[in-house]
């Protein structure tokens, strides 16, 4: 049997592939002269299966798609509070390279616009420019699962036209947001943007965000959960230039695009996505990349507000034996499921001296679910009821495997 | 046993309850003179269990919390495209009652600010003012699960100070966003805002949004899924005045607040929340309401970017009999799970003439999951393999119960 | 002999008259259906000579050209400080009918945009709507030198489309800028704008501003000098929509335009100008009216920053007789001239016991000049010098005639 | 006799001198550590008399007061059209060092904000940085009437903190407004701002603007009249930060302030003013400097909208002899006076064969006045009347002296 998923992705590419509207970025020769017809899509599951269709092995500069990851690294290195002192998290209606510090706070509005991205880069640990760039390159490599390199030709071209970024870096320096030499911040930021990746790499990096910060191939928690949540939140409101609300309503996948034609999306708990198509629309987003995301969101229900169908009751059955009430539980236990089980215990009090909970069919319990189950056990025991848990897979004890 | 949930909520109220900062709205006597110390929180699960702690039975005017529901009704009545022609969905940095049509589009920036809310109200079906108000009142009643009434004293007071709303309605009329008499739009909108609700009601209304539009007490699909997703998306980016990004990152619950001190939140697939505390902060949000939401998000992991822990593999076991490959599946099947099962079939091809799928432990399959399973079956059969499904609960046939 | 001035104005009209670009205002039938080819220019000197060329006797509604005069009346009635508490005097980049209260002050940015003009109208003395309108109509009549009437058809049409003005009036009411019924403010303001005038009338009204508030035909000081200065200042920075700086640099005449195609200008001390041509440019200014002003400014040196050529020395001659120093003065004496005379007395001290000042050739002395001359006399007398003034025309005593 | 003018200025200083509110600029030690109590005022007439009171000989860096003069030089070197292609002339509500290119045009809003001033500096002729700076230094020296020098300590300090200006220069470079190396533009602009001047110097420079571009001490036409008018116009609407309209209405003198505490004003045809007092208000304007300007405007009628009193009739007398009509004219002849004389000839036609015009008492005729008189003569002669002009001072022939 052949997996239908590549077939599906191929069909999506076929549908969107004929659109040749838009134009590649033309401010540097490396982007201007590249083949504009290339088209690829990669989908990586949270347990690390990657589906590649089209030009997903072509190396291109990561450009602005580096921003969410550099922000993650800055928050890891400095802590969230320190970073929030320097960079806001509010959507900005401005175009991506505009001078847009918030007039009230004096801070960049968010880390997805260039001003905030330069500030985030400058917050990465490192004694000097090279150390910061190297630290980011290594971090991005851990996210992608392979060593990444800087494209020196792209870097040189970008530097020769970096007047806007220099304007931003000097502005940030004048406000005390960036410390040290603004030119170093520009160089470092541009090296960060000049790292080469493939669509395949990017889908894995996105899947790491989707998997709560756990790299799906290596199993490493590269981004701590709280940082990961912050990055996804910022991508949700600030990732797509100029039209945050439109993207959230119509696609609903936290995303980030880059001027080289790359676009990533991370749907929490589900998948990481990446597309590559160089022609850009007026907002600077890849024309066909946006179309592919719209298709996936529509066809596959990949929208963060698409409520999962209400799960079957966690309480599969209740059986009252001679001296025991036996509960068979099932599925995954988060707040809603734990609440439902506790509710059942309240509504139909146990009259037997013993309660048996069969967790054989439970396959996951999250932290809140676990605390609630434990509180229920404590209360039953306070009522004088003996509690026995049949937990062959160790779910209740937190031993559940994570796949 | 007593449920720990009310105890938990009581503890949250105790923690936040001492804060007497802020002040109630004072532009009408009904809000100015009301007891500012009242405090309540209600939590409603997607299957309709409601936990009420504190002053959750006090009737207060719904005010701006009516906005997402009126927007839902407008989209139901006119269709999404028609409503998007009149009202944008972009966040607005402006304070809630400012004159803020988008200079480029000429439309209200979103339906959560007054300009957009007046426009949304005017799009509700109805031959006249009274018909529109009555239609909304009935709709809100179906969401709350009981008949709601207009507070005539609040309505009269609001009307006597409605200069800003009249300004907005006339401005909208001048741009052709509102048709007919602008004064009718003002009256209708203010009657909509003057409907009395309790925090209990509001948590049920919010739980309807969390449950994909299905009212959890009645089981009625009051809001179609696509409309429901739209409303939640708009609440995400535009629900909390002035600081969309801050709310999304730190709380992460689609929400809406009202000047009477009410605040609702809807976490897809999990719960509806409502708080009531009249003292407002500088943004017009309830001081203690916001604190309670922050506590719940932090303590209970109620954040939309909090990726659920990766579920245990859907493939519980595989057993190769004499002439059958027997697969035992478990849990809920959405895209990620279906993908994983198909992957297993690809990676370890079935060499036997027959495949048996035991779905006894599967408790939910969504639409995309179902389509993927069916495609897998089709492909196995095309390979000449006989497929047998053991589906005692009818999950695979879409007969799974919805709780 | 025929005056060359009408010939010159005719020539200007001939040059600009062929331009048929732009379009008349089309929001009411009275403006939409009027003959767009009409063209007239009137020039009124500060002593009341009026030159009319073209369609200068056609009655048209005064529209926004009423604004500077209503502002003058509001300042007369309430005092400058009280009016500045309600209406700022800062230029606004916004289009004329936009909602543009200053976000910091909450006040209309200036009295030339509709928000400020409605506020100014509402500040005119009067117990009710009719009294205020009547007071303005009478005031405008004194400025024009004839009784003016409201065009009831224009008024009715404007009222039926007055949504934007209603928006503004309600907004102003909500901020406490306008008191009383906002609808009254709208009606009154629109009646004010519906008063019929001719280009001839408008040139006389403008000449009153140019003449320091003195109506040039009647000699009445209709606008007090300090108020007049305020109105001219505001016209300078705020009179022409959207491009204050461009108008000041290229034309340099305090001006105001109206949507009916009228345009006035007042060059202090020189002339009042009015043009009428219904086709408007994108800013809402009369296309040919603007061209005529540019021609007059260029050809006739009518630019407020065009420094008058330095006058010949005020000290025509000095003659030292046996016991007298005799000074023959000439021209007009303002600060620069008075300073020069005092300087001469300092540089070449009088050694004779007597000083004779022959003012026969002096024809005007302003207030500052008079005070300086008197101070000079006081100091000479303190030095023991007898001062004799030969002042046949009473110039030094302030008796100089004012024409 | 002692001139009362220094006494008057001393009295103004005494009145304003006690105000110690505000604070000197503190971003460089040279400004931060300077004596904040210094106070001086200089007044220079259009014929070159300078009155100095207080600390008018202290050298301080010219700072932003260099902006109008650098703009003048840019317009001289490139022509007005070319400069308008790079720099707008619209008022900007932004603070002086903000990033404020016009979003629509992409150009700096005006040459008085830093963005526009850097652009203007870069338009000065010169093959390189040093040549441009030297050209400006020489130009400023001609305006001041003495050689000026760069304060190297100020220059060095400014450069070490020039992040905002670097931001602006790079932004301008990215938009193509500035060509060449942005760092050169910054260095040159800052050297321009670091030139030392005294209040005495500044009053002479301002008087040059007041005198139509003619340096009052040397008589040199340093700035061509059309350029001079442009500079005064821009100072009128853009010279004082943040509150153009307020300054025009309440003071009414085209002005420019600098962060070192200097402030200049130029009242066309009357005087140049300069004050020096280091403490600045929140807008960056000298606190006491502004007060002195307000006093001078109020006391001395120095406001550009203060219409000069209508001059006495230019027609002093008409006498009809046997075969001649004899007209005795007086005063200065500009458009209004010439118009009046022509009008008299039209209203009371000459019936004699000869007309005699006695210009003995006429002391100035400007270009427009001369053209109108010549046209009148031509028309009388065309009517067959002999015209004789008694013009002992050569006024009619344009020989009038210029003082």
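Letters are used for the chains, namely A, B, C and D, taken in the order the chains are written, and counting of residues starts over at 1 for each.
Heads up, the rule we're going with is that contacts are C-beta pairs under 8 Å (C-beta built on N, C-alpha and C of every residue); 3 or more make two chains touch, one makes a residue touch a chain.
These figures come from a predicted structure and were not determined experimentally.
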* Among the chains, which is located farthest from subunit B on the basis of C-alpha centroids? -> D
* Between subunit B and subunit D, centroid-to-centroid distance (C-alpha), Å -> 64
* Cα centroid separation between subunit A and subunit D, in whole Å? -> 60
* Structure fact -> Chain-centre distance (mean CA atoms) for subunit A and subunit B, in whole Å, is 23
* Structure fact -> Multi-partner residues in subunit A (2 or more other chains touched) are none
* Every touching chain pair, please? -> A-B, A-D, B-C, C-D
* In the complex of these two chains, what residues of subunit A are touching subunit D? -> 99, 101, 161, 163-164, 166-171, 173-174, 182
* In the complex with subunit A, residue positions of subunit B that touch it -> 1-5, 45-47, 49, 88-91, 93, 110, 210-212, 214, 225, 228-230, 232-234, 236-238, 243-246, 248-249, 252, 254, 268-271, 299-313, 316, 330-332, 334-336, 339-340, 342-343, 345-346, 349-350, 361, 363-364, 366-368, 372, 375-376, 379-380, 383, 393, 400-403
